[in-house]
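Please read through the structure below; I'll follow up with questions.
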Amino acid sequence: MILTAGIDVGASSVKIAVLEYGTKNAGSPHRAIYLAGERFHKRDPKLVIRGCFESALRACDLSEDDFAYIASTGEGDLISFRRGHFYGMTTHARGAQFLFPSTRSVLDIGALHARAMRVDERSKVLQYQMTGQCASGSGQFLENIARYLGVGLEEVGPLSMRARRPEIVSGICAVLAETDVINMVSRGVETADILRGIHESIGGRLVRLLRAIKAESPVTITGGLARDTGLMAVLREKLSSEGTPLEIQTHDHSALAGALGAALWAGFRHERLAA
Amino acid sequence: MTRLRPTVAEIVEQTLALYEDLDFSYVRAWKSKSTSRRAVGFMPVYMPREIIHAAGMLPVGVMGGGDRLDIIKGDAYFQSYLCHIPRSTIELALSHRLDSLDGMVFPSICDVIRNLSGMWKLLFPEKMARYLDFPQNFDPALGGRFYRQELESLRSALSELNALPPQDSALTHSICLFNKNRRLVKALYDLRASKPWLVPTYEAYLLLRAGNILDVEEHTQLLEDYLVRVESEPRKPMDNIRVIVVGSFCEQPPLGLILTLERAGCYIVDDDFVLASRWITADISKTGDPLEALVEAYLKNSTFHSSKFEGSTPKWRHLIEQVKARQADGVVFAAPSFCDPALLDQPQYEKGLEEAGIAHTTFKYAENTGQFQNIREQIGTFSDSLKLWSEAP
Amino acid sequence: MGYTLGIDLGSTTTKAILLDANDRIVGRGLTNTRSNYEVATAVAESEAKINAHFTFLKEAVDSSPKLSSQAAPLLNNLENRFHLVQHLHRVNRLRRQCLFEAAADRLLPHQPRLTTVLNALFDQIHERAERSFSTADVDRSRFFRDIVGSEYMALAEEQSRESSIALDLLMGLYDKSILVEENQVLDLSFVEAIQQAVEAAGESETLTRVQQKALREVVEEAASQTLEVDNMVGTGYGRQRLPFRKDQIRSEILCHGLGAHYFFPGTRTVLDIGGQDTKAIQVDSQGIVTSFQMNDRCAAGCGRYLGYIADELNLGLHQLGPLALQAKRPVRITSTCTVFAGAELRERLSMGDAREDILDGLHRAIILRAMSLLARSGGITDEFTFTGGVAKNPAAVRALTRLVEENYGTMKINIHPDSIFTGAVGAALYARHTQGGIA
Amino acid sequence: MTTPPAARPPEIHKEPSMLLQKNMLADYFTRVSKAREEGKKIAYTFVPGNLTELLHAFDVVPVYPEINALQNGMRKRSAKFILDAEKIGHSEDVCTYVKADLGMLLNGNVGPTGEIIPEPDILLLSYTGCFTFMKWFEILKQHYPKAEVVMLQVPYQGEGTPTPAMREYIVRQLRESVIPAFERISGHRFEEDRLREQLRRSAEAEEGLVFALQSARRRPSPIDAYFGGVYYIGPMFTAFRGTPECVDYYDTLREEIQNRIDAHAGPITPEGPMAEEKYRLIVEGPPNWTHFREFWKLFYDEGAVVVASTYTKVGGLYDQGFRHNPDDPLGTLADYCMGCYTNLNLPTRVELIEKYIRDFEADGFLINSIKSCNSFSSGQLLILRELERRTGKPGGFFESDLVDPRYFSAANIKNRLESYLQMLDQRRSQAVA
């Protein structure tokens, strides 16, 4: 057994996974011993990453030298203490399949990007599609809206599910959404209906991403928005009613899938290098 | 007189300087050698440059403004949902950077370039601006005949620029020069395909771009120098995948994008950048009527392409052949945003590749894209996926 | 004598202008736009009226033999006090709202601790306000929301560290409460507030008894002046939803053209960069619009872009420009999208690029977009007037000046200190001149 | 504010000609759906530069994918179709007519009227003024491997006038490849007299269309030459040209317009008759189909009447004198193909609109710039400036799409239209003062 770490640097937060990697020889299963994420909150990402990593060391009572391999993913350039780097989709695919071995497609929904991947049983990415250079419909977008509505992130999902008459919106700017939302509020649209409308629109885009890669069931959702139960509900609904039905699954550790995947690939790579 | 071959580094430096020179100083310098010299610009994708050359003029490929040109006035002419190249081309012209060109030819490639020809007529009435139609009917008696008439009419329009009557012998001579040039470009592409670590696409691309502006003989020499010199460069193969890039035939990807592709683990073993230099795939006949030879080359020996009607063989078949010939691991579709010809072809290509079990990936860009993160992630994953999994868990 | 009122309901700010019968500006009102447009309009209008009262007050003080010697400091002080009174009033309302939110069911287990923390927090906000408002230069361009918001955020961070109450929870309470607070009209009349201000001023200033009495008199007189509004016209982003008659609504393009003409009769091209839209307008010698262009619904080309960046850096909007002016090695920003630019900014910062260098690039980016809009509207013709909130930003002005010079040659570039009111002035002019039926 | 369910929208006003057309269209789609049973061959082909008379001469039933897309747009079916096409990999960026058509195909090729549109035997790629047409049929060819593509390339008027070489190219293609292909596939011999007969009727109906279009020179204009105009060109530009029904339709139309002229009445709109003609406008560019009525209403509400439009010329510039000439059947088809609006180069388009602005005494002009259509849209901003410079009339610029509802923002367009019209007002009052 060896120790590996995966550090996923996202647009809004850093996520760390520490893994007991069951090598081929040992034959033991891989086991995550530490999983955590922290948001940058306008602070210097480098410092947050370092701080977060040190908390992990402290919590596991380890030092940097104990690791066989530290891998970065995402904006890994910010990490000086990594040994190798894996691309985001490679790690999310691996992480998702670790959480749910049955995974055939992965939908990673983060702060700025969403990407859909179709994977084989060895978590090889067969096809994928990402969103572009406009943050409309991204996690950050949703966060902004929640802020304008004075709703906490964790309330977004439950509220949206209470909607009765979703207010359909489309393609609104993540930044200017403030006024659109204000307009809706001033027209007396319920908060729940606004949120649901936005979920519908984001959901529509996500479904298109999934369809574009000819996603297969089951789809594992990774990234921070996996926590948004409202969005998940919309996705479930759309994916069961439009085209070939797709089943989706989320895990408590969905948001950490990238870090997990990186730690897993780290172990794999270490073994190959050692061989 | 013996001449010292420039080194690879020098060639790269020279071609990069040419690439970055948005003022086309080379053209000015070339023209300043004689008052009768004329230069004629042409838009992508294909232009029978021989005709311009034979008229004693410098054919200059105008490929937009790339990523270093600020668009100040160009947006005044194009809506946001149109591709980028026409606006940067207009910007170049309005900022007097194209003043050294005595005329422009707009080959038939898409509606945007077609309309640009009319815009040129409205904006710069004092300059020659010609639309050049290509045949979509490949019957020599129909499309061939029509194309010949187009070429004749272009020829006489050119001869008005410097009052020299067209001469068949000159055209034949030009055909020979360009044949040689095409052979060397082909050699460059073949070398890159067989030893991609030796010929980074960054360099190959700059060399092609230089061919857009340099006098053909000078360019041919440069290619020769490069091919000789690069063999002895101390370059080592890397664990990269081999890909073909498709869709970038008109608006060109920024250099940063080409670098990103290479850095994210890809060897580009074929592409459709600066296609005019490779549109004709075999030597053009140097015997007989030279115009007829140009027409025949177009009808029979031109590459498959989005703005050419595919006839009975779907384009994806050609692409699959290319993948096999180049022993590529996969295909990268990189098309400019809003490029109808490239984007409408993509799903057909994709379908064909899928049936043939060839990996592929798709993204869009603009010539002035500055953000490559997304693309890097995507291409990185693509190359990861093709190489990591030989023995994955 | 009647006044006309022009309201420009912008996406970020709502502006009100009062013109007297001679088209002289007597009152300016500015507030941030919020979900309830009527509130925004009402607040801007009342601010304009307050401002008009101060205009009258100033005239009265200036002409009062007993007070004129100390007019400037006195008025300044009075105005600061006045705003402090208003401000504290709102802080208290916000405190009550936060406490109310903290009593929500799901928070019950935390409530006792929350109450303590919130009270401590608001006590400090209160104290700080007392201090900052008494020192002369308060930055009036920052609205209640911004001033209180940044203080709250800083204090909440402190409190959460000390008290183990999650920062997110505290911020959530604030976000909810500020919305409620903002959508109420101020329930404090000019007279009440000014009297409190006079009391306070009387105590602190070294005024003689006679002077104090004189002050009370002029204040009373100014406060009692009625502001009879004959007609009003609304314009701006939210004009369709203003509670106005159709003939009292004008397109913001027209109002901007006319407003720019009011300030600078030689204007031929107007660039307005507001919060949510950017407009390039060509006007004729009468201020009548001949052509215009507006940007798409994308924050990347307008004021919100800078606002977003300022938020990212935890800076006030007014600090952004001056910082950018100090750039030494400007950075080229590659993202178009505001949100991505924000991410790029953070990334570059942590890579070691200087804040001012990045800011310079960001300013240039927004102006480049404006240049393209200008080109689309027909280019730039002498004289050129720059209006809207962003005209207050010196780095944006510098970038614009340079690009205009490079691409259109030298010309007169006008920026008026009241430029943010351009649309409202245009609206007020329409209100006056449509009355006689010259529509 | 929501409308209570009980309150029905007001009755839509329809002119007799509109009802007639509606029936013609319904019959047509029925005919199409039954064509196969009746042993007829089916050709898919495009509107600009279509060879309807020739198809009829071979008894081949024409199907126009553009018209299907348009009709589906008006019936609010296109949004789903477009999404479906995007699902199979088509880009958001490309022409939505193509995507709407592919989407319909993916959904069983059920046409706008609910009847199934049969597969094509022929893909007649006679395309004028747009490259996308070529791509479109390349794609369709993959879906219909049995169909034969027949190419008729129509050269673009790059230098402003059709040259004899271009005309000859088209005529030769017709004679040497198109007609033989049709003879082979349809099993009918080419009968030139049948074609002549058709062309004669075409020319007759064309007179009627021109009467309608020219009637807008009057004040008040009895027609709206854009929103109404798209109906007036319907039979002429599609499957009816050359048929007796087409002639009848234009007779009815003529009578109807004459009645309004006599009554000094303005156009009939779906909201009712136009009250007062406050503005006379020229419009360049196609309309948006998904919100057609909403779009029209914006004009109606403001008293804006469109007196001439370029969209009504995509199927030929009859108002500029062109008539099908039965005495030179193939030559006239060639002239027709080359003369369609989007086959004109930009300087010619500018001249044409300039002429409309003057001839129809317009107060200004508007450009509805369509995201889908590079052929129309690329260069329109220059057209705008050029026209403003030449005529001194202000131009307004809108952006929308043909059949993709995602690109129609009523609020935005309303805002722009209002601002634009207020601007016209201001300039008028200034001119008076």
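Lettered A, B, C and D in written order, each chain numbered from 1.
Note that a residue touches a chain if its C-beta (ideal position, glycine included) is under 8 Å from a C-beta of that chain, and two chains touch if they have at least 3 such contacts.
Nothing here was measured: the structure is a model prediction, and the numbers come from that model.
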Of A-B and B-C, pair with higher C-beta contact tally: A-B
Inter-chain centre distance, chain B versus chain C - centres from mean C-alpha coordinates, in Å: 52
Where chain A and chain B are represented by their mean Cα positions, the distance between them in whole Å: 40
Whole-Å separation of chain centres (CA-atom averages), chain A against chain D: 48
Approximate Å spacing (C-alpha centroids) for the pair chain B, chain D: 36
Touching two or more other chains - residue numbers and ranges from chain C: 297, 335, 340, 376, 378
Set of chain A residues in contact with two or more other chains: 75, 133
For chain D, residues that touch 2 or more chains besides their own: 89, 381, 385
Category of the chain touch graph - line, ring, star, complete, other: complete
Chain D contact footprint on chain B (complex, rising order): 76-79, 81-82, 86, 106, 108-112, 114-119, 121-123, 130-133, 135-137, 139, 141-143, 145-146, 149-150, 153, 306-307, 309-310, 314-315, 335, 337-341, 343-348, 350-351, 364
Residues of chain D that touch chain C when the two form their complex: 381, 385, 388, 394-395, 397, 411-412, 415-416, 418-419, 422-423, 425-427, 429-430
Touching residues on chain C, where the partner in the complex is chain B: 296, 332-335, 340, 344, 368, 371-373, 375-376, 378-379, 403, 407
Interfacial residue positions of chain D with respect to chain A in the complex: 83, 86-87, 89, 406
Chain B - residues contacting chain C, complex: 70-76, 80, 95, 369-371
